[in-house]
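Presented below is the structure to which this report refers.
A, B, C and D label the chains in the order they appear, each numbered from 1.
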Amino acid sequence: MTYLFIILYAITLIYFALSERVKKFVWLLSIQGFILFGVVFFSLHTLEIFDFLFILIETILVKSLIVPLFLNKVRKHNHLKREHEPSVPVFYSIIVVVVTLIMSFILCNHLNNNQIHTKYFTVSFASIIFGIYFIIIHKNIFSHVVGYLIIENGIFLLSLAVGSEMPMMVNLAILLDVLMGVLVLGVFINQIGDTFKSVEIDQLSKLKD
Amino acid sequence: MTVLLTFILFFTQKDIQYYVGLLTHLAIIIITSIWAVSAFVSATTLSIAFMPFLGETLNFEIDQLTAFFILVINFTILTGIIYAKGYIHPYIKNKDKTEIAWHFFNFLWLHISMLLVVMLRDALAFLLVWEIMSLSSFFLVIFESEKAETLKIGIKYLIQMHIGVVFLMVAFILAYIQTGAAFSFDGLSVYFASHNPFWLFILFFLGFGIKAGFIPLHSWLPHAHPAAPSHVSGVMSGVMIKMGIYGILRVLMYIHHDLFNIGVFILIISLSSGLIGVSLAIVQHDVKKLLAYHSIENIGIIGIGIGMGTIGLAEDIPILAVLGFGGGILHILNHSLFKSLLFYTAGSVYKQTHTRNIEHLGGLIKKMPKTALLFLLGALAISGLPPFNGFISEFLIYSGMFKSLHSAGLFTDVILMFSFAGLVIIGGLALFCFTKVFSIIFLGTARSSKVEQAIEVNPTMLIPNFLIGFVIILIGFVPILFMQPLSQIVALFTIDTKAINLLIPALNSISLSSGIFIALIGIIWLLRSWQQKRQIIKQGDTWGCGYTGANPALHQYTATSYADNFVQLSSKLVHMKKEFTDFGEAEIFPQNRVFETHSSDVFEDNLLTKPSNILLKVFYKIAVFQTGKIQHYLLYALVFLIVIFFLTYFNLI
Amino acid sequence: MISFLLIIISSVFFVGILTKVKAKIAARKMPSVLQPIYDIIRLFNKGAIYSPITSVIFKMAPIIYFSSILLAAFFIPIGSQRAILSFDGDFVFFAYLLAIGKFMMIIAAMDTGSSFEGMGANREALYSMLVEPAFFILAGSVALFTNNISFSDLFLHLNLDNNLSYIIGIAAIYVLVYIAMVENSRMPIDDPKTHLELTMVHEVMVLDNSGFDLALIHIATWLKFAIYGSLISNFIIHTVWTWYWQIIVFFAIQLSFSAIIGILEAFRARNKLEKNPQWIIMLSAISVVVFLTALIITQKIILN
Amino acid sequence: MFILFILEAIIISLSIFFTQNKMVTFILSSIFLISLFVITGFAYIHIEEINSLYFKFDHLGVLLTFVLVILSISTFYHSKLYLQRYLFTAKQEAIYYASLIMLITAMMSAYFSENIAVMWVSIEATTLFVSILIFHERTKDSLEAAWKYLFVSSFGVALAFIGILFLSITASSNGITDLNLHHLLLVSKLMSPIWLKMAFLFVLTGFSAKMGLFPLHTVAVDAHTVAPPPISAFISTTLMNVGFLGIFRIFTIIAQTDVILWAQNVLLIVGVLSIFMSAIQLFRIKHYKRMFAFSSLEHMGIVALGLGIGGLGYYAAILHIVFHSFVKAGLFYQIGQVHQFFKSYWIKNTAGYFKLNPIGGLSIILGLISILAIPPSGLFISEFLTFKAMFIQHHYYIAIFVMILLTVIIFSFSKNIFHLLYFKDENEINKNAITVNPYETISQFILFGLVIYLGINPPLFFTDLINAAITVLK
């Protein structure tokens, strides 16, 4: 059952590469949230109940509802309709996604040892690498946050690998998520939007030599 | 102790800062000189506990070599600080209290650090004080820091000194890690005993040679000296560059085998330094730059002495060893004397005329006779003419060479021949150069209006010069006084110093001949005055060979034309560029023209300026990483991760 | 002491004979041998003219110049007659003594602020600088040959017996003759009889000297000749000869030396001015050959 | 005990934040300083003891805490001056102090945290507060820098988290269910190399943002450029030490295994690249604070080299990081004064400072000498030890390359500084309008003097702390 969600997650990544509308990013994020919820639900039931519930609630609330809503608010506040042409054509991005996925699947095959569950790694690696790639190719800071959140989700998946032994790590991942990903970055996007009247990165490259 | 005293400067008033500095200097001078003298008297090595350093305590080790250097340093600093009073005076009013304090503070620290350099043996401490010496001298050099040029020079100087210290550091470390002996000079003996000393010595030589200004490591020297105020350049050229020589001597003390190559190496470098240095000196117009090049030349002469001595040790010719080292070491003293004298007098001229370009000077002997005569004294001494001190040291070297000609082997003989021929040429060129500079500055008539208001400087700027002059003449006339301590120093390098005693009669008769010389001059002078009393002495213009419209101020010989026939000989070396516009075809009535000549230092251009410029350009070109775009920053991280990953995957690291 | 006197005596007639020979060859009416002495006496009875531009240097220079050369004469032995002053390495002192005299003359010439004397001055400086190595290498090779480094011992122990050593002798004499020419700036370096100041060396330096000073300078020139003459004679005189024989030979050599110079000046043309340096360097080259020969004789270079 | 301290700090900062009264702020922050002293003294007494479950007063922590305390005092002093000069509102001031106090607390907990996860959390917290402080001046540049710093360093923190995850994976496979350092050290021999390698790689890359090391050094530079001078002084020293500590902890675990060789090679690469970066970037420098920032990069590179070489290098590295903290802080305080005169940090606008303010000029000269590791600076000793270690380990080429780079750095650095000190200034400045009294400079002199003293003749407890800190590596 977990595998289904993992595959779904991989597909969302491809959609990230495909889509150009900012609104769609938000949607995809919330979808990812639901997928993660599913993953947690089917894999972490070995935990004692409180941790389990906490994680479930976090995924369903934060990842799939609060964050997307908040981001949507920010998006509206800054009148972001659609992403400008990314610096790399979509066509190539898709190729990159596929390559990353393949690479990470192979990698996990290499890493495989019986004590830990490498099945989460597959997409999580892909997700992290793709997140970085996503940030690199996009020129507006809203998308940067999105990319960052993609990395977050990857890390969350990764943390599930030890989730059964160390739920603490999962909680930390969540903390990272909530604190950095949303509040601070969101706040700053608004600030920047107000100050610079735009969230294009070119506005934000004064500090250089 | 006195170290704390130096900081008082900052809290004192402008007008007494000088005296505070003077007193501190005096205190240091007295203490250290007592140590030095007692080292000579007791003919042993004093060891005085100094301070805790990285756990263990640090000692002063004062052997004869150190003592000798201490005395030289103290004397030069003494004259320097006395001279400084007059020289600094015009600057005081337009400089801030702290700046003046900073200046004297650095002068003090230059003094202290030089003393420490010669007194410390621990390598790390040595490097520390060595760099402090460079630093303080650097801040002294940029005293007139309003000029951008001065700063540029200063930074060049700082960088090159740093490179020098890096060489020394590497050399020490290499010696340390290959033997594990004590991390100090004494530790070197272990290394040299067990390894081939040549390459490590080369490292040391590079490190110390930059400070000493051997060609081709000299390029800081001709710039730093003119930039510095004269009392500083006097001290720098007088003793600071000798610290390099000290280092080389100190290292040589620990080498006891395979000395021949080292000796030949030193000799070749020194000969080229001497010849090239003096040749470049001849074409200079800036008097202090000219003197700086002469420092290079004299370092070369010292080096010749040392190289001779080393070869003597290697070939086991005691007389060559003794007289080589003896001559070299004596020349250290002599050069410190006449070079500081020359710099001080040149400084006085600069103070009165505000120009260092000798083409604007002339006829100053009538305006500032004392300064002129002192300069003449220095000029005669530095040209190595009897009966002055420069001759004595060169005489030692010469007689060492000639005495050992017969007993030396073939190869050594050829080397010897070349070196005394070289030494002669150096002497001749020095004579050529100083006839030029003296007569252009002080003789003839004024070449520009700058000279008019020049007057004799005040006594405080003359006293030190007279002091130095006295010692110069003393050494020149009774060299015998200085032979006993000299033999003590030389005894550190070679065991049997009998050879010096063989020289005693010669030196005595030199004093005698000098006496006769002076007597002859006196007698003939009397004769002439007696004769001229009975004749009419007329005043008449210089004879213009029938051309009565001659105007000496315009038509008298200039420095450039004086040097010209030499420049033709050595055009490859001195790179004299002439800038002028040729006459046009239809130009019947030619209008005014400018004719300029510039000389440039071949070695500096090709070894230093060009490569460093290229390096800087390249670095500037590739400095494009701070783009200000977050994507790029993350890209670095990603690339780094992937690269390391693959390096690991293929077991490259 | 005797050697010193001999040098003085020989110097008095030197220039006279020289000019006589030249005149003879040029088929001119020859002045008396004592003519130079008359000139000197006349100069001694004259006053002097000093340019207002000149300073004390100008007044001191001739005196120092003269006394330096006079003192130099003290170092010259003749045959078995030791010099008055003699010590190890005295020829170094000798050379530097001449140098200080030259130094003073040069700055004196510059002191006048004349446009011509500067030329003479810097030529003199350059040429004497170039010629010194020749003298030193020569001295060095003789020192190597005899293992002595003072004139007197040098020539005492100098016995040219085998053929190779004759080469040394001849070459040394050749070099010395020309060194003398350069030092006194005669032909082929400089033609004292020319009337073009632009090409003069020594003569143009003393344009402004007069009276007593000029006299001193002239005498100094004679002395120089005599000194070099006696150096040459030392290469020929054998110390085993009896003293009167030595003296006779000495005078003969001085005579022939002056005659040779006269002949040379009469027949040889002056070098082109810019050719002078390379010509002078040639002397050093020859003395290097002498040095090598000395090496062979002393068995350092083994040839068979 | 330590947890109490944290609570106290939180309370203080909150009350400052809400009261927004200058007087209260002053009193509370002084109370905080006192408690800072208390906790440090306590830590030094109870050294090497576990405290309040997740914390442990280990030697390195205590050493760095000493540095932190010393710098905190001077930072508070200069912050006071700074805030007075630029007339900020009480609100801004309150935010400033509150976040500063929280920053210090977070850093201390990072120093002392025994548990890797807790350390990670504290480091994450520092990012938060620092970005508030960077943003303090509310200018466009400060906003941009704050954003970049926040984004990239949280990205870095995420990477570090991945690294820690890998560590925990291999740890958990060895039956360790918490990330306490001493537990990890017990089983470090059994851990699988591949995971350790990946863990170290990610942690290094992640915390390089904090430590100001290649590859993520870029944003730290920007942060130092725009932050208020006292803050720049603070974050370019103690915060970097935090990053260093983060890397060092993982390194200690690695050091027990065979992976150490690999890790050291990586560190060497990083160090050389960092020095190279700073060397080349310094040529385009037009802004003094950026210049100092890049020199921090260089020094961190040297520290990385020290770790990478091992042996004597460990000692040198820690010595170096301590000295660098003092010197760099002093320089930043001084540049704050310079700004008083020229109202600009740009090189082209500043000249002739030595004439305007000789005392300050002297302190800059002293700072220059110290930061360029020219004797008598203590940094010379540490760099010397580093090179010695390199030669002992036969890293000749690296040593030579680094020496060349350092020479280049000295050139460009001193060129700019002397421009500031000596050149003629065109725009006439009336000295009367400026309210800089020379006594402000004393703190700088003390710091530089401290470095010289500790370099020439280090007291015993100091060397003991360092040696004890690196025993775990051997």
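Operating definition for what follows: contacts are C-beta pairs under 8 Å (C-beta built on N, C-alpha and C of every residue); 3 or more make two chains touch, one makes a residue touch a chain.
Remember, it's a predicted structure, so these values are computed and weren't measured experimentally.
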Required minimum of steps from subunit C to subunit D, each step between chains that touch: 2
Result of counting contacting C-beta pairs for B-D and A-B, higher pair: B-D
Farthest-lying chain, centroid of Cα atoms versus that of subunit C: A
Distance from subunit B to subunit A - Cα centre to Cα centre, in angstrom: 70
Subunit B-subunit D separation of Cα centroids, rounded to whole Å: 44
Intercentroid distance (Cα basis), subunit C paired with subunit A, Å: 101
Approximate Å spacing (C-alpha centroids) for the pair subunit A, subunit D: 31
Sequence positions of subunit A contacting 2 or more other chains: 135, 141, 144, 204, 206-207, 209
Residues of subunit D engaged with two or more neighbouring chains: 148, 151, 155, 222, 281, 284
Interchain contacts (touch definition) - all pairs: A-B, A-D, B-C, B-D
Complex contact set, residues of subunit B against subunit A: 623, 626-631, 634-635, 637-638
Complex interface listing, subunit B residues touching subunit C: 362-363, 365-366, 369, 376, 380, 383-386, 391, 395, 398-399, 401-403, 405-406, 409-410, 413, 416-417, 420-421, 424-425, 427-429, 431-432, 434-436, 438-440, 443-445, 502-503, 505-506, 508-510, 512-513, 516-517, 520-521, 524-525, 528, 531-532, 535-545, 550, 552-553, 555-557, 561-566, 568-569
Subunit C residues within the subunit B interface of the complex: 44-57, 60, 63-64, 66-68, 70-71, 74, 85-90, 92-93, 95-97, 99-100, 102-103, 106-107, 110-119, 121-123, 125-126, 128-130, 132-133, 136-137, 139-140, 143-144, 147, 149, 197, 207-208, 211-213, 216, 274, 277, 284, 288, 291, 295, 298, 300-301
Footprint of subunit B on subunit D - complex, ascending: 148, 151-152, 155-156, 159, 197, 201-202, 205, 208, 214-216, 218-219, 221-222, 262, 265-266, 269, 277, 279-281, 283-284, 354-355, 358-359, 361-362, 365, 369, 374-376, 380-381, 384, 387-388, 391-392, 399, 403, 407-408, 410-411, 414-415, 418, 421-424, 456-458, 463
In the complex with subunit D, residue positions of subunit B that touch it: 10, 51-55, 96-99, 102, 124, 127-132, 135, 139, 142, 145-146, 148, 151, 154-155, 158-159, 162-163, 166, 169-170, 173-174, 176-177, 615-616, 619-620, 622-623, 625-626, 628, 630, 633-634, 636-637, 639-641, 644-645, 648, 653
